[in-house]
Amino acid sequence: MNNKTSALKVSLVSVGLGLLLGLIILVVSGYSPMVLFNAILRGLTGMTTQRPVFNLRNTGEFIVFSLPLILTGLSVAFAYKTGMFNIGAEGQFMVGACASVVVAILVPLPGILHVIASVLAGALAGALWGFIPGLLKSNFKINEVVVCIMLNYFGMYLSNFILKSLPGSSISKTVVIPSSASLSSEFLSGLTNHSRLHWGILIVAFCVFAYWFILNKTSFGFSLRATGHNEYAADYAGMKTKRNVVLSMMIAGALAGLAGAIMSLGVFNMGRVLSGFENYGFDGIAVAFVGAFNAIGIVLAGLLFGLLKVMAPLMQATGVPKEINEIISAFIVLFVAMQYGIRLLLTKLEARKHKKAKPKTLETSKEGK
Amino acid sequence: MAYAVEMLNITKEFPGIKANDNITLRLKEGSIHALLGENGAGKSTLMSILFGLYQPTSGVIKVHGETIKEMDPNLATELKIGMVHQHFKLIESFTVAENIILGDEPVKNKMNVIDIKTANRKIKELSEQYGFNVDPNAKISDISVGMQQKVEILKMLYRDANILIFDEPTAVLTPQEIDDLIEIMKRLVKEGKSILLITHKLIEIKSVADECTILRRGKYIDTVDVKTTSIPEMAEMMVGRNVNFTIDKKPANPKEVILDVKNLCVENESKKQIVKDFSFDVRAGEIVGLAGVDGNGQSELIYALAGLMKASKGEILLCGEDIRNCSVKERFDKGMGHIPEDRHKYGLVLDFLLKENLILQSYADAPYAKHGILQMDIIDEHANKLIDEFDVRSGEGKESLTRSMSGGNQQKAIIARELDRSPKLLLVVQPTRGLDVGAIEYIHGRIVEERDNGKAVLLMSLDLDEILDLSDRIVVIHDGERTAFIDRDKTDFKDIGLYMAGEKHKEDTTHE
Amino acid sequence: MELFLQMFPAALVMATPIIIAALGGLFSERSGVINIALEGIMLVGAFATAVTVIFLGESMGRAAIWVGLLVGALVGCAYSAIHAFVSIRLRADQTISGTALNMLSTGITVFLCQLIFQGQRSPNIPVSMPKISIPILKDIPILGRMFFNEAYPTFFIAVLLVVGAYFLLYKTRFGLRLRSCGEFPQASASMGINVAKMRYIGVLTSGALGGLAGGIMLLTTNIQFSVSVIHGVGFIALGCLVFGKWNPWGCLLTGVFFGFSEIISSYSGNIPGLSGMPTEFFYSIPYVLTIVALVLFAKRSIGPKAAGQIYDAGER
Amino acid sequence: GGSDDKDKGSDDKSCKVKIGFVTDMGGIDDRSFNQGSWEGIKKFAEDEGLGDDCITYLESKAEADYVSNLTQLSEDGFDLVVAAGYLFEDAMKDVSAQFPETNFLIIDSVVEADNVQSAVFAAHEGSYLAGVAAALEAKALGSDSVGFIGGMEGPVIGAFQAGFEQGALAANPKAKIYVDYAGSFDDAGKAKTLAAKQYDAGVKVIYAAAGNAGNGVIQEAQERTEKGEELYTVGVDRDQYEDGKMASGDSVILTSALKRVDVATYDACKQILDGNFKAETITYNFDLDGVGFPEENPNLSEDITKALNDAIAGIKDGSIKVSEEAKITNGGTN
């Protein structure tokens, strides 16, 4: 109990400090802090000081930007629950995006089967990209971090090569996928004043639920968590820890692959040849940590980082370098990394509060274990 | 009489525990002073404070009569205090010489280039002076444990230490090496050095020490003159009551053989044979004690039985069925229970709730899971039942974070979990390490109760008294081999000690 | 052979920043702190070098380059201080802290670039790194063309740094102590060594070398600063460290090797058998090789044992 | 298209027209078409005395931003929304359909819609000049070898290569043309390596159509020039003479094959203001001043300048036909 509340506190403090530092940087660089607030307002609602009209399209777009981040956040978090640091979500995202497009373009299937197969292909490719570090970790004790980083690059080049080789592809993109494989939704788009909101939202909702359900309600999740906390104890208890490590990396990879798939099938409706990382996976690290590995927390953190993303061009329009949002995200991650320090600070502050309130009882309440 | 070291009224608090509570210790110049106490009594902590690794919460340290304001390892070294740690602090990939000179390296020039020649020469000299015979250029990973300890001692001698701290130096040594070490210590004292010796073994204290300070659960009990104090007297002071530990236990009523181990061999990762052709059996309704000096293969033997390590040869028959190639889970299902030696490392997931730890092996079985989905109500019920039955105490009952529970209650939780599955064979490993007397009594009582209920129990402990108190038969391991397998009634502390040192019981010698 | 002689100097240009960055990683990991922030540190170093050379280039001419590299090293050092503080003092997970620094580096450099130069890229760097030929040596057959003819002096700096690192880490008192902290910090502490201090030194050195590598990469492979100047070389340096078995000479050799793998695509058209391969194939080589190296060396764990471990002296 | 809905926004009373611009991921200062497009818009605003808030741009950080940025500007009531780069093709199709009242301009790509003007450039014709200049200058330096370094392979840069090949061969039938691609528009190090390779092989003039990566080519040329070699680079898109300057004050840029995106954006803005916006594909060639070479070329001899003007005349009157099909493969020569 205590642990959860303090994780929440650490996240809130980190987000607060990150935004504060962002504001300070803005002010020091000679911009008005209002720029940030206006961008938040506009990104969420489309409202500006001149045009106070609520525009559902902005809200829809904001959700569109958040959806892949929630998935990559779940991906990083799922691996972390089994003691793995999945810095490879970026690569899993790209191979997922690639595979979903390959199936969408090359495998003609009737009706809804087409889109299902395409989405699953994305998940499978991501799972494969997670399988490699998982296997190397469990069977050769190779640190997953370096493997994941290298696979990010390899994933990008491999996807680029495959996408360019598809029939009809140009150097920068594939042909548009058949509409039967698309996740685009006229209904959702109509609901949100022509935003690009797509059926991927259902996939994300399902994944959020599945994340919570698997980890907390199933015996499989039980053994994954046990492996993550204490591999020796899990071994002792007869759990298949090696298999758990591989499976959890595969599931993590599948989640990131799904993120790639919904972007390709829902937002772009084509495969894209990338010249560099788009940071969906790296932002997932931030989302997972800020969300404290909790399903709801990850959704909220995903929305936060989605907001930072939609804000960027809006800030740039007022002359503020759009990189301010990257700086803010990075600071948030840095503060989450410093949680030991933040915890220390929080306990000190609390102790001080207690001292003021009732000076005598401090010693006993200091280290609640 | 001059004192080399005086530690006055030392108190050290760790979060949640007072490891040292107002302890005073005086080491006379040129003498050997033993420090005696049960596991967790605070001996290592006290020595770490003397060496400056920890700062005491309160208290005064004097060295050669001078008060030391704030001790740190550098100052300790300057004051010629040296320490051989309970767990060796040697860097495996470094050479012997590099380990010895680390922190006090001879250098050639302004660039601080290490003068390895001088270092090697000095180490060679020292090593010859004490008959150590170590090769300065050998890698630590390539030399034996006994040799490693000599390196630790050389580290001190290299720094001209004249106050030497030995923290349980004999736990990892063979009897021959122990004898050597005792000779070395005597020689060091003759040269005018003063020694603080930590050990659990009263015999060793009797044979080398001049004085002995006894600690119990962090508190100072007494300092006695070793010559005029008998072993039973010291033992009584150590545990706080009469050592007549005989547990109220009826004679065993053994029935059919449950566990039959035949010619078992176990190899470690580097393919070295750790357990050699080991055979013994455990019958229903008896406790078999597995005795041996730490590091002689008993842990590996247990791991092989529990399925955590592969046996390279031999048979493990559980109720007549060979389980050598079974997974851990299959072994549990076939009726094995296992109370592991390290409750924090193996026994529990400390970040799980108590109720989760109580189903650590059976989480996927009915009734706790149906179709892979955990049945929370049943899990809760089960937890409440065990907590009641075994009197496991914690802040928030079944919802307590296991990490927040005390060691004794953590151990109770493990025992509750294992006994509740009512296994035919119970592997019990170091069940009372670091526990207080009350907890020990409860757990011992429980183990005997299981025996009386017709369970087969294999008890491994480094504490010989525990073995002697509980066992009906005792199997002794030395260097991976069986040196004795005898009835408890036909042996005593002294004999077992001999077998642990490698001497073979007459039947065992004739056997082969 | 002719082709090889043509490729070799080009490979050295790419190898130089890889080697120096890998040495940076070496110092950090040998002291016990994993530094995946090398990529970000290089970027920050490259930015600092760019700004310095652009502002001083007009007035100082060529000398501005060396001042720029110095500033790059210093700024890289300062930037890595965040990693050091957060992971040593605040006991953060070193991987997360490094990730945060990588994320921050792109944002902060481009942000500053916009403030200083009103654009995402810097203007062109007004002076370029001179290439040198070493009189007598350059006439040695083969070797002369490989190393001493029309080469950037930075490669010689890299070699000097390798020799220096070897000397420092394996011959001096400081090196023994630093390495001990990466193997078994509790042992170091018991011998009176200040583990935190050694680790600070390790990380800060790695920052300085990373910053220098970034500056060199900028000056020898680009003519202006942009976010993409480093494009993954920091990570390749990490792979180089693994491949080079955490040893300075290993870093040098594998650095040259990875330098080759970076430029091989440029010459693929001239190499029979490779000419038809897609460019992506060549780009993938360094990364795939690193994974292969990890698998090959997995059985013997050769890295510093305590790298990545939070050192806790038992209390604050 | 072409409607003049001036009262869509509420804050533009002072603006005769409002022009919005969306960059691709290269950013507003890419020294290429983003920057060029924006410069055209700025010049228009200056000429017409439009205030600063009548023109604006949004930078795209990721491809996902394209649609949302275009939509944002359309919703904000801009009269003309400009997007630079063929990467915008699909986004432009979607958004223009959604905002039939807004007018759009897309550069370097063709989108057929009632409210979209497509500006494409006869890059192959401009590059023909680069080929002529390079081959003649190389010959003057005693070599037949010239080089082409492209960004990414494909039809777009392929047209540059094609024009260059034909120009070089027209000027010197014995010309040996080296072709390499950097594989991206960003990797200056790679381009530099390629340039070194080509110069080592005896190439005297390299034409770099590689975006930002082309900077590596310029740097290689500078370093070699400072060592006393005599060789040149032909710039692309903008007049890159300044980019090629060395400490001595000389530049390694022989001349540049201009692609006047600023002309395209300026023209479209003007049409909006004048109410005669044409939703059609406009090919900017020599006639429309869309391609060409700079007026000032300190490194270009009079002979070559004349040859270039002759070539322009030839292309204009149809006596010279330039194909868009490149012949030489990546990494090869003719």
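As written, the chain order gives the labels A, B, C and D, with residue 1 at the start of each chain.
In the analysis below, a contact is a pair of C-beta atoms (placed from the backbone, for glycine too) under 8 Å apart; a residue touches a chain by one contact, two chains touch by 3 or more.
Note that the coordinates shown come from a computational prediction; the quantities given were computed from them, not determined experimentally.
Participant: Find the two chains joined by the most C-beta pairs in contact, please.
Facilitator: Ranked by contacting C-beta pairs, first place goes to A-C.
Participant: Roughly how far is subunit B from subunit C, centre to centre by C-alpha average, rounded to an integer in Å?
Facilitator: Centre separation, subunit B to subunit C: 46 Å.
Participant: Measuring centre to centre with CA averages, how many angstrom lie between subunit B and subunit D?
Facilitator: It comes to 77 Å between the two C-alpha centres.
Participant: Quick one: report the Å distance separating subunit C from subunit D, using the average Cα coordinate of each chain.
Facilitator: It comes to 35 Å between the two C-alpha centres.
Participant: Centroid from C-alpha atoms only, then distance subunit A to subunit C, rounded to Å. What do you get?
Facilitator: Subunit A and subunit C have C-alpha centres separated by 29 Å.
Participant: Pull out every residue in subunit D that's touching 2 or more other chains.
Facilitator: Subunit D, residues with two or more chain partners: 186.
Participant: Tell me, which residues of subunit B touch at least two other chains?
Facilitator: Answer for subunit B, listing residues that touch two or more other chains: there are none.
Participant: Can you list the subunit C residues in contact with two or more other chains?
Facilitator: Residue numbers touching two or more other chains: 228, 231, 283.
Participant: Taking the top-of-page definition of touch, could you list the pairs of chains it picks out?
Facilitator: After working through each pair, the chains in contact turn out to be A-B, A-C, A-D, B-C, C-D.
Participant: Going by the contact rule at the top, pick out the subunit B residues touching subunit C in the complex.
Facilitator: Result: residues 14, 48, 51, 53-55, 72-74, 76-77, 83, 85, 89-94, 98-99, 101-105, 107, 111-114, 155 of subunit B touch subunit C.
Participant: Looking at the complex, which residues from subunit C come into contact with subunit D?
Facilitator: Residues in contact with subunit D: 6, 10, 13-14, 61-62, 118-121, 124, 126-131, 150, 217, 220-224, 226, 228-229, 231, 262-263, 265-270, 275, 279, 283.
Participant: Looking at the complex, which residues from subunit D come into contact with subunit C?
Facilitator: Residues 27-31, 180-181, 183, 186-190, 192-194, 196-197, 200, 212, 215-216, 218-219, 222-223, 226-227, 243, 246-247, 329-332 of subunit D touch subunit C in their complex.
Participant: Which residues of subunit A touch subunit C in the complex?
Facilitator: Touch list, subunit A to subunit C: 25, 29, 85, 87, 132, 136, 140-143, 145-147, 149-151, 153-154, 157-158, 160-161, 164, 276, 279, 282, 285-286, 289, 321, 323-327, 329-331, 333-334, 336-341.
Participant: For subunit C, which residues are in contact with subunit A within the complex?
Facilitator: On the subunit C side, the touching residues are 34, 36, 82, 86, 89-93, 95-97, 99-104, 106-108, 110-111, 114-115, 228, 231-232, 235, 238-239, 242, 278, 280-281, 283-284, 287-288, 290-291, 294-295, 298-299, 301.
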